[in-house]
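By written order: A, B, C and D. Residues from 1 in each chain.
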Amino acid sequence: MKNTFGSSVAITLFGESHGRSIGAVLDGMAPGIPVDEEFIRHQMDLRRSLSALSTARREADEVIIESGVFRGKTTGTPICLRIENQQARSTDYDKTELLARPGHADFTAHEKYHGYEDAHGGGHFSGRITAGLVAAGAIAISALREKGILIGTHIAACGGVCDRPFGDLGADIKALSSMPFAVLDSLAAEKMQAAIAAAKTEGDSVGGVLESAVIGMPTGVGEPWFDTVESLLSHILFSIPAVKGVEFGDGFALAAMRGSQANDPFRMQNGRVVTESNRAGGILGGITTGMPLHVRVAVKPTPSIYREQQAVDLAAMKDATLSIVGRHDPAIVHRARVVVDSAIALALCDMLALRFGTDWLAPGKEARA
Amino acid sequence: MKNTFGSSVAITLFGESHGRSIGAVLDGMAPGIPVDEEFIRHQMDLRRSLSALSTARREADEVIIESGVFRGKTTGTPICLRIENQQARSTDYDKTELLARPGHADFTAHEKYHGYEDAHGGGHFSGRITAGLVAAGAIAISALREKGILIGTHIAACGGVCDRPFGDLGADIKALSSMPFAVLDSLAAEKMQAAIAAAKTEGDSVGGVLESAVIGMPTGVGEPWFDTVESLLSHILFSIPAVKGVEFGDGFALAAMRGSQANDPFRMQNGRVVTESNRAGGILGGITTGMPLHVRVAVKPTPSIYREQQAVDLAAMKDATLSIVGRHDPAIVHRARVVVDSAIALALCDMLALRFGTDWLAPGKEARA
Amino acid sequence: MKNTFGSSVAITLFGESHGRSIGAVLDGMAPGIPVDEEFIRHQMDLRRSLSALSTARREADEVIIESGVFRGKTTGTPICLRIENQQARSTDYDKTELLARPGHADFTAHEKYHGYEDAHGGGHFSGRITAGLVAAGAIAISALREKGILIGTHIAACGGVCDRPFGDLGADIKALSSMPFAVLDSLAAEKMQAAIAAAKTEGDSVGGVLESAVIGMPTGVGEPWFDTVESLLSHILFSIPAVKGVEFGDGFALAAMRGSQANDPFRMQNGRVVTESNRAGGILGGITTGMPLHVRVAVKPTPSIYREQQAVDLAAMKDATLSIVGRHDPAIVHRARVVVDSAIALALCDMLALRFGTDWLAPGKEARA
Amino acid sequence: MKNTFGSSVAITLFGESHGRSIGAVLDGMAPGIPVDEEFIRHQMDLRRSLSALSTARREADEVIIESGVFRGKTTGTPICLRIENQQARSTDYDKTELLARPGHADFTAHEKYHGYEDAHGGGHFSGRITAGLVAAGAIAISALREKGILIGTHIAACGGVCDRPFGDLGADIKALSSMPFAVLDSLAAEKMQAAIAAAKTEGDSVGGVLESAVIGMPTGVGEPWFDTVESLLSHILFSIPAVKGVEFGDGFALAAMRGSQANDPFRMQNGRVVTESNRAGGILGGITTGMPLHVRVAVKPTPSIYREQQAVDLAAMKDATLSIVGRHDPAIVHRARVVVDSAIALALCDMLALRFGTDWLAPGKEARA
């Protein structure tokens, strides 16, 4: 399977940046989950991030629910979510159509699709395609929330500035849910925004690190070989454009520790098995421990910059010079945050449905009455 | 799918550490690929790593080819590779059978399998299960080599010591293929071994970072959404026990760069499109650029250490103290190297077969005559 | 995977009969395949079959191509095909909303979705959902045709009348492609239509048998175990509503033969291996022989009839009587024909892409220039 | 995926008829299911069917459980089941090695595997490979039985003789479970055996129809599109060698009925919704109704017959004459019966695990204590 992720709860993405519409089909979601269109809009707005920091392209990004929702609740059948492309300004892109832009997928798309690809605005490789992921993710996030499973992501680092680490996860996740610029320490947030603005002034861009936490996951979810929790989460996270690294718990830092430091001691707490530390990020042997999940994602800097760059002309097959004139973000890390939340939610719904059945996320029998 | 990875070329693992046998079924491999039993043995030996650094458990690890190979070549049908467990010393483990060891999967296996799991020696979660992956990987590595696709992995860091970075990839990969302790700089190798020995003396363990390079990959392999090259490689790499981080190209370091640094400039070279640098690790938009693939993997320290640790008794559901007496490695990073090579090879065979058909890896028509 | 079929070329269906829109996402189709909107319309018309024989519901069924097609050709990225529901007359259905109609999926949908399903007009179980399959199938049929692979289906039996058997397959397939009522013998066609009309007069309905032939398939496609050609074709055919039987070659008739009758003798013909008869339907050991594929499909009578029927009221959980007043077909077998063609085409594209690579269906290198 | 079936409970087959061993890996089976080696042996014996009717090849067919079973119960991890090939008499086959035998997969295997296949005794296409399916199926059948789901299959027709139809399903399924020649009417059984003997005398072979019933299935299992119960059952059934037709409920006979005959009237019975007849075979809209499942399978005559047949020599690529001297069955339908039971059980376990979670088949919490 290619443009589909998941085996029990599955998402399929479609669309090109400047095509007619983009969207997602979310299949296998349990019936009876309330679909809060206001929350979908909220998530879509976080992705668009209409601040001064971001691209000037402003589309309503209204999510049209084509199927799978009836009387405000999921029916259990495939949910098609569609977003029309309204302000496609293809003229900005025409002159670079055959230029392979550094850091972009133009060249690899050309090799894969032999020139038949719709390269305008990155086509199917555009970050815009994540809008479908966010729309579907909003439903997944709602479903998980009903079961007490909450996800939060902050910008741990951006432009040389670090946020404070996660503290009280319940409070931090709650706070992050409404922040357009998801940084726990407001001073760090200001500095990051200043760093982004500085990069913009210099016609350049910045990347960053996103850190996510999930609370409320049951124990025993995931598989020992191949479909470990880390495997499935990294699979979906690495399909988000610009993600080049994923680590769980203390991740790469664990590689430099001794075993006596890295091991999380077990102990009983109120009749449940817990670990005193959580360097494993809530996953041992690929399976959830019941402790919070921790994952960190490296986001490379936006490849579109306003400096002259060395490119190649794919039509003439010769060296060329690229000067970008379209609308582009000096940073996407703050917008990618909600994409990461959504990707995690979708993967967790799939794992939970596999483990506990397709109805696990549905309202209880009492709620159905 | 759970204990199976791959859609066109697929591997299924089975077995428990102290069960009757362990192994793998490799399905979808093209017909006609020479199966060099000597090379399989070589790879198995690298995994066992019979140096003073490693566990005293010495099994022949002879790979029995049960099916799918005829007259020294793959038939195209499923290849069952089996390794008998000969020296299982279960008495070492009996006393800890119900203790959830820190850093191990005992607790999560217990939650997932409700106590029906075979916990001896880690059971199905044991690093020993990677033997099947290495046996299957040896065939995948051979198949890729015939097409000029070569994989090499070195220990980039271990015990606070760093190896030199990759230089001439062709030469480095060749050199690594026969090294039992895969470090390019022999002085660094000595220091790492000293660090491992020191940890052992202190009843402790160390982790490390493995860095792999792949040369010879064609362009245009991988998918834009979900089945990106990064997604599929990380999926299989994160199912190797102890792996807690995966990054491609400059990975997490990219998050701290400006776009002008991170972008790899394109240019023409002998009629082919190349990039001047390769910070993207040979992958743009999830698809191969034709430049070498670069991936780094964080391996946590071996969780089995000889220090007293805090555990829980899963039978009595109370706090307990763990003192390990079995045979355990102070480091596995040097042994995990060949597992990483194998995992990468298997994932690449799958991607190539999907892109170019199941016969792409088979000998050319001329070779068949 | 549920509402998705295929691993290399995959189709996902969405939509409810009386919802906002229905459609399909077709993923993995090779780039560069001409998308002939006129042909899509032709196929959609065959499915709607606006004759006196069929339902009075007449919708334009215009297929909107949302993505994956650029300048009249496939791009290689997911193709979203959408059809808006324009004339949904939900009042016809309201009174039966909670009645489980005999032969319909109302009861099973209710059990599966706990009452959250959109039951209007059969919801996601409606035959109308096949419109998305036909739209996607039209692209698959076009792609196969470029490679000389042609599919034709006729109504072999309906209402007690049998069509003549297939003769010259090339000529028959060509003739069938433009027939709205796909019967090779025109006299048989008239009799079948009379039988359908008679059933309608009596407030009843009829079923039928569809027989398909495929010419031009290469040898060596399919897998020995589980993904045999028969397995994959029956998998998709049995998801067409009303299909209750599938047989290949002489099918059930083979069960009554002796081996000496059933075996197809091999012989050489112009340097190629052929069989003198083709009772195996072009498939041996689950793999194509290069002879024409033959498959027959049993279609049960339309369950919606105008006679009073015994039903249950799912809200009150008590016996009830059903009298249908909506628009319903006395037969769907003539409309199902194009659905069968489409399903076969989609499954064959998937098998061919797995065998020969995702580009096999793409235009040759010369055509791209 | 090719030699693997199932997404939650999955089976992978390996082996060649005259190779070292054959077998299966059964993955995803719930933990705690009792593994009764006596029952496995019983099922293996039914498949071998050591009567005068069947092939003289008598192997112990002892199933070696390599993994996934601990203290007599499934652990939840992959179960490798292996059967050694002990009496491979390859000399019988050597002279026909390059002859494409009519009705066999020699030619298609040769096309698919380019001559690298192990053709001895049919290699990976041999009916012998079903031994792995039966071994795995025995565990699936046991698991289902614990939940009150029972499967029975009889020979509905063979050699022109028909068995009586199913009557009291509970009693019939119980009676069939121990019959080596599964025919409900003992007089019909005698006639069928006489017909098989007559075919043998004439150097010929016969086929037959197998009819299965399943009682105890819950409602609401299966998916509306693509993964219907019919789709998944036919998928696995059509991978059994010699199966050329599959029908559910009244199957092809439905195609000749009127809707008023074909529809099963609903009514309430003891608070449950039932149908008065069961022409739909327990499946509506692809989803279980809770009524018994009914499926019929057409088995073609054994292709190996002792009459001279027209073949081709694949080495010389010229016409040839085939005279078979090995050991071959004049009928396999009585042996295929247990293969059909096993295939159905495996597919149902997968559907149930997807619907209700991987633990649904595990013993209840009380049983674990």
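Basically, a residue touches a chain if its C-beta (ideal position, glycine included) is under 8 Å from a C-beta of that chain, and two chains touch if they have at least 3 such contacts.
Note that the structure is predicted; figures quoted are calculated from it, not measured.
Undergrad: Comparing the two chain pairs, does C-D have more C-beta contacts than A-D, or is it the other way round?
TA: Pair with more contacting C-beta pairs, A-D versus C-D: C-D.
Undergrad: Please name the chain that ends up farthest from chain B once chain centres are defined by their CA atoms averaged.
TA: Ranked by distance of C-alpha centres from chain B, the top chain is C.
Undergrad: Averaged over CA atoms, how far is the centre of chain A from the centre of chain D? Could you give it in whole Å?
TA: 44
Undergrad: Compute the distance, rounded to whole Å, between the mean C-alpha positions of chain C and chain D.
TA: 27
Undergrad: Out of chain B, which residues touch more than one other chain, so two or more?
TA: Counting only residues that touch two or more other chains, chain B contributes 1-4, 7-8, 13, 77, 112, 124, 224, 359.
Undergrad: Using the touch definition up top, name the residues of chain C that touch chain B in the complex.
TA: Residue list for chain C touching chain B: 7-8, 77, 224, 354-360.
Undergrad: Over in the complex, which chain B residues touch chain D? Could you list them?
TA: So the residues of chain B in touch with chain D come to 1-4, 7-8, 10, 12-16, 19-23, 25, 27-28, 31-32, 64-68, 70, 73-80, 82, 112-118, 123-124, 359, 362, 368.
Undergrad: Where on chain A does chain B make contact in their complex?
TA: Within the complex, chain A contacts chain B at residues 1-5, 7, 13, 100, 102-105, 107-109, 111-112, 124-125, 129, 157, 160, 199, 204-209, 219-228, 230-232, 234-236, 238-239, 241, 243-252, 254-268, 271, 273, 275-276, 280-281, 283-290, 298-305, 307, 309-312, 314, 317-319, 333.
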